[in-house]
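Data block below; observations after.
Labels run A, B, C and D following the written order; every chain starts at residue 1.
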């Protein structure tokens, strides 16, 4: 039973992640998880916080001498900024008068969280609703990626657009559209975009927004290769692989849209233009002539790359803040406040998207193949 | 604990739905559930099956003398076509040689399901992967709608586009954009579209596709009014209201995209253009000047209408079938087969979308307010 | 993902059971499920209801031509008494004045249910809290038993005691203690007890209670043979096989105690007397010299028979009713009421116990071996 | 949605606990959690480890300035012994040749875990299957106890027997049987037993076992006062409060039996002797003349104290080890090994039992009353 919980405030002592259900005997490297954490922290457009935090995990349980034990795995990510927040964020009551946050930022959980949880001090909301929480998810992704690699499954992401800068919509969704070289180019780009020209234009667009005290969103794509035929099911609404991917990707903070395969583009074509023709080679291998389905037919993986796209809204923390309300006074105010933040997080969000897809596929693989140790699971997989 | 399971093959004796967790003492009318079933069956572009089935539910448990008991509610929807399928779909072994289906249709679960479940006869796949299953969901929606009405929550849907015919993308997302009159117009339109002009054009477009042996997809929007502030949470990825809506809507067969609020459109604007300014009236009422967030900020409902859009791909059952493979021979073939079907299901899919949103909100309301009877729950709600 | 829901009132039209997650291609026979339903209805001490109902299932989904499809399986059990209750239990409002039940029976859900669900008419409680619901569970057991048989797993139950009549406590828990002949004797006994002497005495004890307008409880044992080593886990409290068995057996109506292996008897011995010595044969087969652990060590099956005992309280429906309260008047009364009932249900409860253990093992097997079809799962199992 | 995960190896750096779903604004004191941890570590019969570990928690998330935030709460318990195990238990590969454990102890997870998880070194099993894990549960209990106190709910445990020393079986189960003075005596007794005479005899019995290189089990009782009427439900097998208590208590390591109320004793009486007569006072207060039901009727709390008893087998770690098998050689051996351990853990197990009951009641209270902040939840509770 694969499951996980994440915990931790943005300026608390650490993030904590507990992952349960990976088989025993899986070789795991902390360095590979840390590499994913670094990928999340990179990208043009990140703010000052990224310079303070150099995220790395510490395994606190579930791994011994480089291999999983089958027991719950705890990963901890220290918040380096904690030293500056020890009093303000202490678990114990403190003597000092605390400054409270009462001016809510449009687009954040500031208002909704304060009402829901009955809080006067919005600090009590923003510490957990902060996207710092996504570092926990990336750690899970970094772990599960090593699990999926045992089955030849690989996950990548890249940025398709920032505001009005991006690929043309009708970019082909064929497996041939992706190549190792392309993913290398993605990793080399500060925008996580394979095209150097687009990278440059995106950076310029972000810079323009920054100068205006504004922020930028965009679209990223996440792709999984090597997924076997048969993950997910149409048997019940919540067992579809599409359901679970839709859930996982929509859960990423700032996400306002998720597409699978041709997505909304498929609605603008007719059936004969959209559906992917199946072929069988003389050796019995299956393939599709196109991949508008994004690797999922009838809620089940079809052997083609799983392709999904995620629309990320511009960050709500504006250097030129929007009008809002002060919860303490109940007055409408001209400006909410500015909390140190990024200008564009689309490249980072892509890394979070990889992590979420990785978690979905890990669960689906365990469901189909079972097994308490890697050896047993691989025996099942090959049977 | 709100949960449900649906069951039933497309040509089996019936669909069965078990819903658990609604409070006792809720007044429920079968007629209102049946009305939703009829709304799903209507709409221009549906095929012959819709004429055979006049869906209605029968309560088999959980309701007595018009009120819920707090026990699991069973609803049964008879398949009127069953009489013609009794032998072919019998639970017991039959003597007669059965014709098998082996030519898989691109875009359906035919291929993926056959591989996953190890079936030679694709009939064993298509019976459950058929979108007939969505009638079960609509029945759940028809039930939960009556529950939500007790709290003043109302759910609607309408069609935004079919292939290339539809509203301009930048249609405003303000609460003022919706009106009782608009929803009346939607219900009166065979396309479930408030605009008579668009309705007409959409019908023409569907007719064109039909003549070509082709099919049409499109986009629908689903909106919930009266949702209180505070449903959902940022505390864990799977508790966000957006996560749960993304999950529920992506689970609808043929769905390839889901947007909340401004959706992908929000990615093409900057932060200052996207975020919704909060206002507080002198009486203490909260409102937002716009609703690009679609009623959800930080994964929590903000009191504005919940707005989501769903992209539905064109139906894979083409009268002029695409090339494919025959699973029996393993040969690539020029034409898969044609199973009687619709040409366009977008209006119906919208009704399914309402149902799924209704289920999500029902669960979230029960979570926040608790209560074993309607009386108790309303006491909590008003406290 | 193995899961199920049951629904249905005692005097409603039927019981409905939806089971999801069994692999496709499993051969299932209705007759074998019906046989289990009959075993539940038999046994000395059952009341008149058992003569009215001749339970049998009808598959309404998930099975075609004798094999599972991988889709949710619906089983329906008609309530033959329904014809006499159509008005009183109708889902729709009825004109006639209904007699209400207001005198609560000690030991039933009458009082707690009425308070919880805010009901004036205890009829609205007792219809679902009735142990008629356990027929649904037995149907699940009858289905899962056929699944487990594919792996050589067999489940039996027998009655150990009724009131003060029964085996001596220190009955050995060695695998050798059970034999095919013993189980045959159990099935032949109206008390489901292998000893003819005890059977006779138990019947006499029940008759004595019946004459006194009283009721009898007792203890049954449930045993599973052929369970592979490695089901369940100590990794988290809720993954232990013992946890899941404790949960499943304690859920049986009237259950007040559950033991695994030597149970409470183990608390009266020292460690050296209790723990089971492991042996390995020269062929590499594992065995234990005793089975005080009841087949579970550290929350994981150890290859020995799973043995559990369940204490069933005497039925609360007394022909000479106890004092109670009338909810309508709030007055303390000398006698609650008598609803037609059994005198002793311990043999039947044993069949329910089998079903619950069967469900637990089915879930645990699916978890460990995965697989979407029986063929695939058996490949995994044998790998 | 109340849920939690625990993680951590016995000799790893720490135990980690993540608890989610407690309302915001609950005042929580670390000292109260630590007090429970100390209660678990006390009791006559504990081994040397208890002297090394002085357990205390550190809140790493979810609590700020003494109040919960509504976000997941992380508690960490350091393993003080870790300094001696850093190399042997390191997450990273180490150079040194590691001594492996291959002689399995009967009654532990040593054998079952090694087979399940495919491990040669039993160290990889015993680190998580160790009952050190129960400290995590006690921390959860210490937290939830503070939550339940807000509703006047109090949980206690005491030891009924050790081997053959204990209360007579027919000890009355009336609410009057418990008193504040009794619980004070329990806390003062090194055996957590209210009777000084029994305490003395139990200690003597343990000492005798210790001298023989043997171990002792026993029975404890856990009681919850102030539980409102209406928690749990008969609507589905897994919603019964009894189901959830049976599950929670059976999950405690070494547990072989669980009883609710009169338990197995109820099977030896007739119905008229067992069921608890309900009374209503002139002020409208409900009470029962006896409490054989242990506070649960029909799977729902009835307002009386919840009473459950748990049978704990003697610890499997014997100073004079039993015969066993060496997994490395496959040979039957005369003696398994001895790992430093306790002689009797029944008093400690009682504290774990309190924690598990506390968790069950917390979930059930949240389910019935809902609410995102303590203020809101108390409003619901009082409405």
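Note that contacts are C-beta pairs under 8 Å (C-beta built on N, C-alpha and C of every residue); 3 or more make two chains touch, one makes a residue touch a chain.
Because the structure is a prediction, the values reported are computed rather than measured.
Participant: What is the chain whose Cα centre is as far as it gets from that of chain B?
Facilitator: Between chain B and every other chain, the largest centroid distance is to D.
Participant: Any chance you could check whether A-C or B-C wins on number of contacting C-beta pairs?
Facilitator: Answer to which pair has more contacts is B-C.
Participant: Report same or different for the chain A and chain D interface, where same means the shared residue numbers exceed half of all residue numbers found there.
Facilitator: Result for this pair: same.
Participant: With chain centres taken as the means of their Cα atoms, state the distance from chain A to chain B in Å.
Facilitator: 27
Participant: If you average the CA atoms of chain B and of chain C, how many Å lie between those two points?
Facilitator: 37
Participant: Report the inter-centroid distance (CA atoms only) between chain A and chain C in whole Å.
Facilitator: 45
Participant: Can you list every residue of chain A that touches 2 or more other chains, as numbers and ranges?
Facilitator: If we look for residues of chain A contacting two or more partner chains, we find 5-6, 20, 70-72, 116, 128, 230, 233, 235-236, 372, 376.
Participant: So in the complex, the part of chain D that touches chain B is made up of which residues?
Facilitator: For this pair, the touching residues of chain D are 1, 20, 70-72, 230, 233, 235-236, 239, 366-372, 376, 379-380, 382-383.
Participant: Where on chain D is chain C touching in the complex?
Facilitator: 5-6, 104-113, 115-116, 125, 128-129, 133, 137, 161, 163-164, 209, 212-219, 229-230, 233-238, 240, 242-251, 253, 255-264, 266-272, 274-280, 284, 286, 288, 292-294, 296-302, 311-318, 320, 322-325, 330-332, 356
Participant: Hey, which residues of chain D end up touching chain A in the complex?
Facilitator: The contact residues of chain D facing chain A are 3-9, 12-16, 18, 20, 23-25, 30, 58-66, 69-74, 76, 89-94, 98, 116-119, 124, 127-128, 372-373, 375-376.
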